[in-house]
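Take a look at the structures listed below.
One chain, chain A, links the two complexes that follow: it is found with chain B in the first and with chain C in the second.
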Partner chain A sequence: MTFPEPGHQRPAKPLVQHRRTAKFRGKSLLRRVGRSRTACFGLGLILFWCLVALFAPILAPFDPNAQHMWSLTDPTPSLTHWFGSDALHRDMLSRIIWGARPVLVIAPLSLLCSYVIGITLGMVAAYYGGWIDSVLTRVIDLMLSFPKIVLYVVLIASVGPSAMNIVIAVILVSSPGIARLVRGLTYDLKTSDYVAAARIRGESDLYILAIELLPNERGPLFVDFCTRMGYTVISIGVLGFLGLGLPPPHPDWGGMVRDGTTLLTVLPHIALIPAFAISSLIMGFNLLADGLQETTEAA
Partner chain B sequence: MLLYLLRQFSAVVFTLVAASFIIFLLVESSPGNVARKTLGPFATDAQVTILYERLNLDDPIIVRYGRWAGVLLGLNADPLADPELELNFEDSRGHKYIGNFGFSTMMKVPVADVIGARLVNSLWLAGLAVFCIVPLSLLIGTLGGLFAGRPIDRGLTIFSSVVASVPEFASAVILMSIFVLWLGWLPGTSPLQQGGTWPIHLQYILPVTVLTLYVTAYVSRFIRTSIKEVMASAYIRTAILKGLPWRRVVFVHAFRNAMIAPFTVILLQINWLISGVVVTEVVFAYPGIGRLLLEAALFGDIALIEAAALIAVCIAVSTQLIGDIGYMVLNPRIRFT
Partner chain C sequence: MNMPAPNILSIESLDVRYRAHDGDIVAVAGVSLNLKRGECYGLVGESGCGKSTIALAIMQYLGNRGRLAGGTIVFEGQSLTNLTPKALRAIRGSRIAMIYQDATGALNPTLTVRQQLGEVLKVHSANDRETRRQRVLAMLDAVGLPDPKATAARFPHQLSGGQKQRVVIAMAFLAAPDLLILDEPTTALDVTVEAEIIDLLRQMRTEHGTTMLFVSHNLGLIRRVSDRVGVMYAGRIVEEGPTDQIIDFPRHPYTQGLLSCVPRINAGRRVYGLRSIPGQVQRLRALPKRCSFMERCSFARPGVCDGLSPELTSSGPAGTLVRCHRWSEIEVDHSLPPPGDETATESYTPVLQLKGVSKTFYLRPLFAFRRQETQILANRYVDLELGRGEVLGLVGESGCGKSTLGHVVMGLERPSSGQIILLGKDVSDVPIGQRTAEQIRNIQMVFQNPDRTLNPSHTVGFILGRAVRKLGKSRTHAARKAEIAELMDRVRLPEETLHMTAGQLSGGQRQRVAVARAFAGSPALVIADEPTSALDTSVKTAILELLLSARAASDTALIFISHDLGVVRYIADRVAVMYLGQIVEIGTVDQVFAPPYHPYTEVLLSTLPLVDSMLEQRRLRMQGELQSLSAHGAGCPFAGRCPRRIGEVCDTVPPEQIAAGPNHVIRCHIPLAELRDVPPVFRSAQYVPDEKDDRW
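Let's turn to the complex of A and B:
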């Protein structure tokens, strides 16, 4: 065992190793999923819906918007229409399958944008501190004190419902929460030795933030991402349900439940099937987050 | 302590002013002519022109916000009450009073007339839900936390994960299918009108259950974690080792400390509760402020949107303030600074 000479208190080697541990962490994330049965089950549910969305054109037996008049007499589930047909005689199974697409595109896309914004704001606030921090914290607190649903309803109602506007609304609603989380994480990490070392080496702030700090915040951020995916899917569903989601002909789970509630007393399957579909996807994300959290606590 | 309260209070005021500006900005700077949107598609061009001038829509947004805030604080009159517009809008309270949100173009009455009763209904719904949420989540969370890792905890965790995955509109549909359609025990809508086939107290059951399920699942997890952490701490071990009865350790030593974090969580859940309230009210046709907000938003009733949104923010911010103060009072380790 050799001691570092004075003046060389931070040799280059540990830094390299540190970056390697960050790389290994990515692998251990998958291993952590494998270790928890809950996480596996959650991941399975998510993958199932991803595959359904991906192969929608092959899997769906009918066009999701085609009206089948012969089902007029009996819209309940049958051999031709496994999940029955809805009030406009469209095949429910096809609509459920195609309906997986908008959710699984809008939710991750808008969340990724929110993470870019949230991470930038949170890191800048914590790293630079001072007035930047206090201004940003104020803004974040302000945005978080809004009930989410109010922001969603007011926003979408004033700009009109469309996929793009839902993405914008999700970004506005979720980035402040992410910024607060990242600010906390960065605040804890910025006093660590390797940040000091990078500073002494003369690395730029951008390098320290993106290469030194960000990889070390991956673990909590990933758990947060899974939880937030669940919430975002709920929000998209709620927007669809309130009539602020995708415009009508598109198959959209929330909107399908909304259409079904008016006929609930006669044909409950129209509302129940999409309700179960959306719940199972949310459950996937929640269980994955739970499982990851569990293995983090145990480790 | 007084200084602390004063500071918190001024922060709340700041938040409300900023929030009202954001709402105003979102509602009134959306594409299109605000005068046309206020009056609706059936107004004459002459009316739109008059309102456009009265509202001075060419002014910068901040000036218009100032004027709107003036109406709200009773400093100037609402331009919609102008007899030249021929809308016949009349307000029994006069033209200038505090809390004047203007006129609802959807209902053709002053907003202040509509909001009151709806707000009371929503508060009832939310209050009843909280009344169920708190004991239930305490029970589930405490059981889970005390027996962490054992079968009972696993069962409860799975249960709350599953329940937390069913959004309110889905659970409402599922519960309605079971209790309204299949069993026929409860009414499917809750318009709160006397004289229907269902008495009013039965109309509350399903909406309250839907709200309770989701939020309970969420809050009980926090309580579970909190109890689990406290039970693992040294002072609890000491209490057990010195031979105190287990029940006393749990209820006197652990419970009080473990409640500090969940207390804030429960109060901060108000944001979840509010969105739940909106959805539940829409599902069950419950005459509350959430449904009012949605109807106003879909109709394009600007004054009503602003009023309902601002009231929702107001409720959220004030419960957060209560949560903060309660946290300070419960936790003597935090100093008032």
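Let's turn to the complex of A and C:
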């Protein structure tokens, strides 16, 4: 046993370790998912649908748009058509598998764009304050005061349904909410001493916003992202249901539910299977968000 | 007393553990202590030593993660450890009450003061409404709240911090408890308010004869209130005995270490140095097998101290106990440690000059029909000059505009009027974004809150790298790396810290990084805004030493903003005392700490909790609460609370500056001759042996 001189920072053999070791913080987000069973389950569901979408050509037993006349007599699930076939005799399983693609492309893509816009607006409003903040906040409030679904319907109905238009609609509908969240977070953080330290070091505003502030907002933003993904999947489903989704014959979960509603009493599987697909994906995102929230609060 | 008073509370080998996600942590390891009826027992130690855990264990409030792993707590012959919830409720509040640090959290924000206090009586004694009302008002009066009737009708958010703590004290005493546990009851308060609360507690104790357990990290406070003291380290009591004995003749190296961290009031850093205890309190995973202080102890000897854990043994006739293998061999060192290296600056070159700097904030309601503005006068006509290498202490209560002045000088805020001259250039109208690289490099800041000073997303290496890139001299990557290494060395941080983020560092380590960041470009001026007020005793001293050595290395001038006069006495060459945005007195430390005083300085000095028994302190308190910066009239800002108010003139005419000596300025209406006649606040105790003077 050696005896450290006074002035030595640490004992040669620490009696205890630091609560968090360096490794612990490194991949904090993944770690946090790992610590919560809820989050793990949610992530599993999401990954399942991602894999399904990715390998759709391999997994789907049939062409999703091919009509199979031999199922004419019995469209209910069978050995050839596991999930049965729809009113136009197309294989349901293949359509569900292919239908995962547009949702999982449109929802994240449009949300990422919304976040770029929302984060920019929110940070600028909070950081600069004054009239910029007042104007932006009013605009955001105005946009948030519309019922979301009405906003979607009006937007899509006026420009016509297409993948691109859905993306634009999602951006317009989601970014005000994100901007408000980011504004709140930034407002809290901008009075931090490390921001003042950056200012007196002569850092530019862009540096302060992007390097000093943004990284500290990633936790709540990621939770928000997951919840918002759920909502967006719902919205895309609803648009499809209202006939404002992807134009036919593209397999679209929301559209499939709508097609099935007329036959709901006779052939319930046509509506219920895509509905279940939608809700399982949403559940995945919600569980992930819940789990992350839990670990944030516990930490 | 001849007969030993019976114990009201006895704790026998108490063992408390907290569950963490990676195993148990031992918070209290075999503590035994007895509280005699009517005494005040002080528990002192750094944070993480288990002081508060003992308090919570007595109340059986350990929470979900805490658990009593062994030992007994007996209160008035009744064991508290195995009571039913109902029996426990009967004891909590009515027989044992607790006062916490955070008064805001202890009061229900939706109830008025009367309702909350009435509730206590309703639960613990069955009085009728009118009697309850009377007793509440009487108690509010007893705790010194002005206008009890009006206060009783208020909600907690309408009261100041000191008033809230008074209400909490009233609440505790209403139930007439036998034992009162106080967990750092004044830590969140201003020095002047702290002194008043302590006075109140002492008075309530004599009136009610309540036994008290006083938990604090402040040895000066402990000396002021408690009869006996227990010094805790790493979950154990390492020394125990009568307060005066322990503080004047500490036996345990830890107690000695704590005491050598406390600045003396009669000399500054040029006379002696403070000694910090190396290292930090460790979290115990299991009961220690050997002396747990050994790693930090400068007296530790291999072969002696790494044996079995030492037992508490009697160390003197006065009933002192000490837990150390070598206590009898250790000399009680009363001499002050030598001062640190001090390079005297030969020539005086001004770094910063402030000429009549004022800062006014306007609060404007958003939708006002008429332009109603509230003016907040954060700074009024501040004149200052600071030379190279000089240390200026800026003291005053919170909310007096000290930090605003710092921000104005930094360029984070623009002054409303006046001139700021930095290194010969007028920068008063140049906000930080427009200053030259040279100006930015030359003025830096160290902040108060170690939790918010470092960006939690960045590693120490990144933070210092950025500071060196923006402020340092190096232009190449390798040179920058060398510069970072040198900075780390200067603030005595091990190299592996470079890869850690703020969350993995202790408060003291974070503050070290903050100091390194500020001194990265060898600035001409550093403003330190209460850099040590959130830190533990020994860490505080280490940071002070660090600031001083960093300052000496680059001959930097330092503005040290603090509410702690003791620290300022130690670190500063000159002191400026601020009250409501105005500098009321400025001079060298020796001038400010001796008569003539500005009345406010006098009050501040007399509220300072002292550790030194050789000094006697005159008691002087002011009236009322700190006014807000918005509402004071044309006269002296201190007029409303001044204990030496002379009359109308104080309220109506702004006081002139009087030159009380070379570079010593006081802003007061009282003639200088009269101020000179004021007796000093501190006197050596031997000059007034037994004299009971009203003023003392």
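The rule we apply is simple: the second predicted complex is superposed on the first by the 273 of 299 C-alpha atoms of A that agree within 3 Å, B and C clash if a C-alpha of one lies under 4 Å from a C-alpha of the other, contacts with A are read in each partner's own complex, and residues count from 1 in each chain.
One rule holds in what follows: contacts are C-beta pairs under 8 Å (C-beta built on N, C-alpha and C of every residue); 3 or more make two chains touch, one makes a residue touch a chain.
If you're wondering where the values come from, they're calculated on a predicted model, not measured in any experiment.
In the superposition on chain A, contact of A:Gly245 is made with neither chain B nor chain C. Once the two structures are superposed, chain B and chain C can be ranked by residues of chain A touched, with B on top. In the superposed model, A:Gly99 makes contact with neither chain B nor chain C.
By the touch criterion defined above, A:Asn216 reaches chain C but does not reach chain B. Contact with chain C, but none with chain B, is seen for A:Gly202 once the two complexes are overlaid on the shared chain.
Of the two partner chains, chain B is the only one touched by A:Gly254; chain C is not.
Judged by the touch definition given at the top, the superposed model places A:Ser192 against chain C, while chain B stays out of reach. By the document's definition of touching, neither partner reaches A:Pro176: not chain B, not chain C.
Contacts of A:Leu264 after superposition: chain B is touched, whereas chain C is not reached. Those residues of chain A whose C-beta lies close enough to touch chain B in the complex are 38, 141-142, 145-150, 153-159, 230, 234, 237-238, 241-244, 254, 257-258, 260-261, 264-265, 268, 271-272, 275-276, 278-280, 282-283, 286-287, 290.
Residues 20, 22, 25, 278-279, 282-285, 288, 292, 295-296, 298, 300, 302, 306, 410-412, 432-433, 435, 437, 440, 443-445, 447-449, 452-458, 466-467, 470-471, 492-494, 499-501, 503-504, 514, 517 of chain C touch chain A in their complex. Residues of chain A that touch chain C in their complex: 1, 3-11, 14-16, 18-22, 25, 192-194, 196-197, 199-203, 212, 215-216, 218.
Contacts from chain B toward chain A in the complex involve residues 15, 18-19, 22-23, 26-27, 30-31, 157, 161-162, 164-170, 173-174, 176-177, 180-181, 188, 270-271, 274-275, 278-279, 282-283, 290, 293-294, 297-298, 300, 305, 309, 312-313, 316-317, 320.
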